[in-house]
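Some structures to go through are shown next.
You will see subunit A twice below: alongside subunit B first, and alongside subunit C after that.
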Partner chain A sequence: MNFPIESTGAFSFSTGMLMTFLIGVGFGFFLEKGGFSSARKLTAQFYLRDFAVLKVMFTAVVVAGIGFWGLVHLGMLDLEFTFINLTYIWPQIVGGLILGIGFIVGGYCPGTACVAATTGKLDALWCIAGIFFGIFVFSELQPALKAFQNSGEMGEVFVWQWLGVSPGIVLLGAVLMAIGAFSLGTIVENKKGSVVQPD
Partner chain B sequence: MSNEKPKPYWSPYMAGLGLGLVLLLAFVIMGQGLGSSGAFARLEYTLLHTVVPEHIESNPYMAHYFEDGANPLSNYLVFLVVGVLAGGFISGITANRFKKSVDKGPRISVKARFFLAFFGGSLMGFGARLARGCTSGQALSGGATLALGSWAFMMMFFAGGFLGAYFLRRQWL
Partner chain C sequence: MDTKIINRISAAVLLVAAIILVLMGNPSRVILLKASDDLGAIAMYGEDMIDPLVLIDWIIGETGDFIVVDLRNPSDYTDFSINGSVNIPFASLFTSEGFDQVPTHLKTVLVCEDGTRSGQAWSVLRIQGYEAYILKGGIKGWWRKIMTPLSAKELLLADLDPAELSAKLKAAREHLVGGGAIMDTPSEKNGTPPPPQIKSKPKKKKKSGGC
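Moving on, here comes the complex of A and B:
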């Protein structure tokens, strides 16, 4: 097989978008199943009371990462036709920090705000309104911020290239980090009895 | 809506496994990861373009989305996020978790919670545009592909959350 399937021209535009819609359904479904429709559960991560954010996200990153690089290694997934986030290190560092602060203030991130809204959370609607406002402000100011947004450009560069090791070593490191962090998190959760469930 | 008690959330490992497989499928089928803030921007630019077209055309950053008569809504991220809304709803309603409510700690008013939700959302909208992606487009998808800048983003995201947590404790605890 040649992946991504889309690059083989097997899909018409509408078939591709139907596939995309179904992928989105899966995305929203598992976010909600993990409890990411609750701001209290999401933010409890940052009070070390519920480690769901770390556990769900890191499990997903490791699972997808091993599958992704495994397929690349087997010559089945062509990186040339796969979207890789380009590195612009300074705006990513500053933007990530702003997003993290916005997350603890607002209670959701853009994707989880959508999921929360579909389960009836009224605060998520205000969060979504705020996201639109923030996008508007940035977009209006972008001509002035363009130089910074393009700073630290490094192109398509991977953590393993930067460290000078193989992708497998980085993934192994990520797995070990995950196991360590999950175990510590579980000990803390059990001690405090603080895992958030729906009410 | 149902009067039955809401079912508990899944084990985070099961939810993470499901999410990871969906993310892998997205790469295998469509050659792209998951994202959401891009869909917000595309919807917003489209609405603004119908109201104040000249203004949008005069800003190269936004005008870019309409180049050669392009429709910003005819896009991967837009269809993806429509799916996210459907998937979230299906999961919530079938687990008796659909409930009109305000998610907050006991020590803060609803009005203050709404204000902070809007303010935090604004920061995230701004930050996601600056960084070219949010938690899903950068941390999750870029994280799985081991993109260097996405890992920097992810670390800073967690740093920002922990930095702000002390000051926001009245909202959540």
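Moving on, here comes the complex of A and C:
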């Protein structure tokens, strides 16, 4: 079997959409089950009281990274069929900062806001409305921001290419960082008291 | 089972997996991605194309620094092909075996029916670092420009001196099919070349014996 599944041409567009839907359902289910629809739990990360967000997201990155490169090594995943976002270093740094500030102030990132909204949380609905308003404002200002938006282009670049090492080295570094961060997070959590229960 | 033990086992599994990937090194065929505008610029300035008249110079000059890869089906390739070309059907090219047949140190001239498939293969090969070119017009262009005599009008419209071009093409045909050969030329009434119909001699015989 080859991945991504669409690359084999064995599935129709509608089957692909159905699979995407099912994966989305699973993703939403587990985010909710992990308590990630709670703004209190999510923002507790930034006050160093609950490291669940870091643990879940970092674990996802490391597991996905190992799975991805493992499949590439096994010849089961063709990089040609994968989509890699172009790197525009300056706007992405600024965008990351804005997202981080919005995360703390709003209590949600875009994905968790959607999960929380489905449970009927009013703050999440307002957060989503804000996201749409922000997109609208950006679209209106886009002609003026175009030069900045396209600045610092580095093309489609992997971290390991940028550092000049093999993908495995970067993954090993990421796993070690994750283990270190998780241990440190747990120590801090234990010092500060109990983890935040989702509301 | 205790959560702590599960966490430790998970961490150990991830660590071992990462170490295995380190030991495996780089995947055999990692795409060396370039900025997409590099390819765009090459295509925009027409540097992705090679004219049949240039390719024939390379073939006659026997420079040895290029390979002609024919992406058509084996049956079409057997019907008619460019001397010295290698047949790697389009679908087979996108496999590790297919790529391995294309030497990285040579210029690769891609040939298909009309240039469409070559364009697709060109993008992939260029991204992977190959110095690839598309034969302009594909095998139809080759047939039209090299294998059949040009009309007087076409000769006049060409960049080269008509007499010089005529002599060059005659020499090219003689080189390809043997001295004094007269090709069976298809009708050129509406200027659109029909697909090559002639059954060429087996390639090995061409070089040594002629028609």
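One rule holds for everything that comes next: the second predicted complex is superposed on the first by the 197 of 199 C-alpha atoms of A that agree within 3 Å, B and C clash if a C-alpha of one lies under 4 Å from a C-alpha of the other, contacts with A are read in each partner's own complex, and residues count from 1 in each chain.
Note that in this section contacts are C-beta pairs under 8 Å (C-beta built on N, C-alpha and C of every residue); 3 or more make two chains touch, one makes a residue touch a chain.
None of the values given here were measured: they were computed from a predicted structure.
Student: So, A:Leu86: does it touch subunit B (first), subunit C (second), both, or neither?
Tutor: It touches subunit B and subunit C both.
Student: Please work out whether A:Val157 is in contact with subunit B alone, subunit C alone, both, or neither, and reply first, second, both or neither.
Tutor: It touches subunit B and subunit C both.
Student: Return first, second, both or neither, reflecting whether A:Pro167 touches subunit B, subunit C, both chains, or no partner chain.
Tutor: both
Student: Does the superposition put A:Trp69 against subunit B (first), subunit C (second), both, or neither?
Tutor: A:Trp69 sits against subunit B and subunit C alike.
Student: Please indicate which partner A:Ile179 is in contact with in the superposed arrangement: first for subunit B, second for subunit C, both, or neither.
Tutor: After superposition on chain A, A:Ile179 lies in contact with subunit C alone.
Student: As a test of reading the superposition: which chain, subunit B or subunit C, is in touch with more residues of subunit A?
Tutor: Comparing touch counts on subunit A for subunit B and subunit C gives B.
Student: Find the residues of subunit A that appear in the contact set with subunit B and again in the contact set with subunit C.
Tutor: After superposing on chain A, subunit A residues 59, 62-63, 69, 84, 86, 154, 156-158, 161, 167, 171, 182 contact both subunit B and subunit C.
Student: Show which residues of subunit C lie in contact with subunit A when the two form their complex.
Tutor: Spelled out, the residues of subunit C in touch with subunit A are 7, 10-11, 14-15, 17-27, 30-36, 94, 96, 124, 127.
Student: Tell me, which parts of subunit A touch subunit C in their complex?
Tutor: The contact residues of subunit A facing subunit C are 59, 62-63, 66, 69-70, 72-73, 75, 79-80, 84, 86, 153-158, 161, 166-169, 171-172, 174-176, 178-179, 182.
Student: Which part of subunit B faces subunit A closely enough to touch in the complex?
Tutor: My answer: residues 6-10, 12-37, 40-41, 44-45, 48, 59-62, 74, 76, 79-93, 95, 97-105, 113-165, 168-169, 171-173.
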